[in-house]
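Shared chain: chain A. Partners: chain B in the first complex, chain C in the second.
Let's turn to the complex of A and B:
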């Protein structure tokens, strides 16, 4: 979102993308590939949530509820009723977009803390409903979720499908952040008063972004349930919501790469390093505490700082000296009809 | 450009109370295109309250805010911004993590027609608007003397740079009316002179400027008309010469 060329950093991005595409050909361990797919599915949710939390500054801790709705929609429609899995994934996105609208409509008008509380309540309600509505969700026993058909059902095929969806969602959110909408979202986060003063419809923009995060959560839920192949209400424990939230805060607000790295590290670390898995939620809590105390702007910003420190910018002192002719011309060029 | 003698922004008999305290009591003021209107008065006289009523942050308890024949009294801030009513703040409200150029570009929001979905898909409309607003913001910032700082993070700016950037953001909105809340506060003498020149150019372009200021020398030097408030009431109104000599103004505000 800076004035510099959009092509800056294109090479590392290209290389990173290529590495992700070739991953299934390199990784021999099926479990590691499953883990990569899991990161991708989670990232689809976090990428959307990142616009809500990281850019707009609305602290939603209830997205596990939307993930659950997306997962159950998939398991019920594609599993029980035999719908086409691809179509069902899209439907899950739409259903969760609608849920996002219904949740956001009353709650996004509330002040920060109360908004966070209502999303928390929403997350808990969904899990309880999943247990209670046995005829629909299978209750505590759960539901099987089908694989995708044909080559998409293989571990590599499914990985590529998730990668494509994740790539698409990342591209969408990147576009939102780099154009005028991105500036208006950051303005809502950092100074709602300034946002209103230039005409940003604060509530409507918050709701729009929240609905979008609902859609991505629904798609993520559908892919997640197929990846897990069986879902129960326990799958959607509240720590998962915490995990999404912490990924963004640790990665850094107002960045896309930071929360992506956060999601990948937080998903993979407890799985690959056995002692960390035992710590469970304690690990997230500790990490969150460390980041908030030491680098409140997130690890992504820390990296930027280190780079900046190695290459100190030349900030010369300039006295402001207006160029009145230039100003006159600029005002004339921009005048209203 | 606005027609000569075009749209007027007007407060008509506005009253505003805060918990029984009457901050403004039946004040009227009109802001004409191509004119700088000064608003002075002691602390707590209701200057900023009036500015907030005009820009829509407060709703008047009585009286009206009109843009020509259009009654804005119940319209939100956003609607007034879209109609070309821009403002700056006593304490600059900038987005510290964004660049100077990004901050100024935010002022272009009323010109954004691209929807959220259109933006997410990077449709041509979103790209075109982005380019237009970027070029406009760049030109205005260069005119304001901030051309050297376009890529700097706004939280690294010095005080005067922040003030001028806020004016830049308001100008990117292509305002009909610009309301400046104590823009000279904290500026050096040289910077105040620049500010005066900038306001002169803005007036010349047909924009109506409301200047809320404590710095009376600057106000009398810069304004075409001056209104003085005291305890929420208007005590004087006229040309700088008239107001400067008004015995009531001298008594409550200027001193002898």
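Let's turn to the complex of A and C:
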């Protein structure tokens, strides 16, 4: 992903995008399509979180709280009060952006471990409130979430909606990371002091990215609840947060494709391989430990390195040819003066 | 009201003990381990298994539970700290200890079951309201633990080595201290202390696999309020947190405990970022 030419590697990307668009026409199994939609909804959240964790290096382990707020906003407004689902999705994004702002305002000032603990606490608090405020959230019993109207309510239509939203979010994050903003985020991750010393507004950049991740989490939550069609506080257990976090770390920090593959693989694997489903979160912990110990840069980086090792290095010849005419002209001009 | 205060004090003592465990590990490695609360969980679960399941007496069950905690502490150091801490300061230890904590929680959940199970009574005593053993055991234990750690740091050679490492690990190494071995030792000690803490409070928390994350969080809140690295701070912070959250949940309902805990943390950090008994950190340039 180089900044110099956005069109480099456009062909595989186009092919991948086309394959994703055509997926509902190929896949006949409804369950697999549901799984693909789930991956898409999770990816919308992870794409935003990736800017926070992968690029800015802020270890937020509480994003499940924002997902829960988005889901409940959707279920309450669209389900109980009958708002338009598409409008409600946008509203859920805005509400979660506001929540991200309120959470980030104090906690992003804190050092590393303190920040991780505050976000962990935030995730726990949201679940606690979801159980406590029975009149709003249905308590432990939960709430039904409505489907989208018309063609968007069908499984493939809903898949395309999620795909469109995921594509938009991916495009936004990709744009952020390619340009000056992304560079300043990486600088904050690698050394906040050095970043501040060259004029990066550290706190404001962190907060902006965190709010953006809140918006994506809200949209993801709205789509997620409609996909699940029924939500309870148990849906948003802390392990889900760990799952988002692990798929970014495993995929590789500072890349977009890596976390995407991580999300897809980690969502699909326990569903398709039965023994892993039983181990569940233990498996995420094991993966996280292995990646941290063996390839702290993430598996994506490992793949890059293997490819680089396999591909023979291209040696470019640079023949040095002096431009004699210009040299002569310059010398003449110098002599005249 | 008395029972609310006593419960708060007992729970606060557990938080304070978690703070002490954090401090023991922090002193030698500058790592705040996410496994801290899970040590107490292990103590409670294994204590319940040894004494309730296998029917062992307390003089066998308590050392055995402590040994499980110590073994897990050593494992944490070998797996999650030793290799990671030599790398750059990328806070990888946060991820590795989080991974180990998740794994132990899930492993215990798969083996022990996900329902909380009762913990056997430790001392022959009739149920006595506010004077019951489930309240005074943790309160007595945290005082013993804090006093013992204080004596250990001041009077023994090993304790002085700990203090030296917490001041400057590099200088300690230059003076011929085997820093790796001392760090492993501190993890063993913290593991045993954490397990004993969980063992003593088992009748309050029950033998429940998921209690670890909450204790990790609340122990940290207690420590952050009191001041990182200070045992006195852990005591005061833990008791304050326990009593405030119990009194508040008495008035507003038990659903808001975490909200209150984190509110207290934010308030304390706003007013005094280094904690009540903490020392101000030098700016990291």
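One rule holds for everything that comes next: the second predicted complex is superposed on the first by the 307 of 337 C-alpha atoms of A that agree within 3 Å, B and C clash if a C-alpha of one lies under 4 Å from a C-alpha of the other, contacts with A are read in each partner's own complex, and residues count from 1 in each chain.
As a convention for this text, a contact is a pair of C-beta atoms (placed from the backbone, for glycine too) under 8 Å apart; a residue touches a chain by one contact, two chains touch by 3 or more.
Predicted model only: the values in this text are computed from it and were never measured.
By the touch criterion stated above, A:254 is placed in contact with chain B alone, chain C being left untouched. In the superposed model, A:200 makes contact with chain B only, not with chain C. By the touch criterion stated above, A:222 is placed in contact with neither chain B nor chain C.
When chain A is checked against chain B and against chain C, the one touching more of its residues turns out to be B. In the superposed model, A:328 makes contact with chain B only, not with chain C.
Contacts of A:52 after superposition on the shared chain: neither chain B nor chain C is touched.
By the touch criterion defined above, A:264 reaches neither chain B nor chain C.
After overlaying the two complexes on the shared chain, residue contacts for A:183 are found with chain B alone; chain C is out of touch. Of the two partner chains, neither chain B nor chain C is touched by A:41. In the superposition on chain A, A:284 makes contact with chain C only, not with chain B.
Common to the chain B and chain C contact sets on chain A are residues 193. Every residue of chain A that touches chain C in the complex is listed here, in rising order: 57, 59, 61, 106, 110, 112-114, 116-118, 120-122, 124-125, 128-129, 131-132, 193, 238-239, 242, 249, 278-282, 284-286, 288-289, 292-293, 296.
Within the complex, the chain A residues that touch chain B are 1-4, 172-173, 175-176, 179-181, 183-184, 186-187, 190-191, 193-202, 208-209, 212, 254, 315, 318-324, 326-336.
Residues 32, 79-80, 83-84, 87, 90-92, 94-96, 98-103, 105-107, 110, 213-214, 217, 220-221, 224, 253, 255-259, 261-262, 265-266, 269-270, 284-285 of chain C are the ones that touch chain A when the two sit in their complex.
Taken in their complex, chain B has these residues touching chain A: 1-2, 55, 57, 76-79, 81-82, 84, 86-87, 89, 93-99, 101-102, 105-110, 112, 114, 116, 119-122, 126-127, 129-130, 133-134, 136, 138-140, 142-152, 156, 160-161, 164, 169-174, 176, 190-191, 194, 197-198, 201-202, 204-207.
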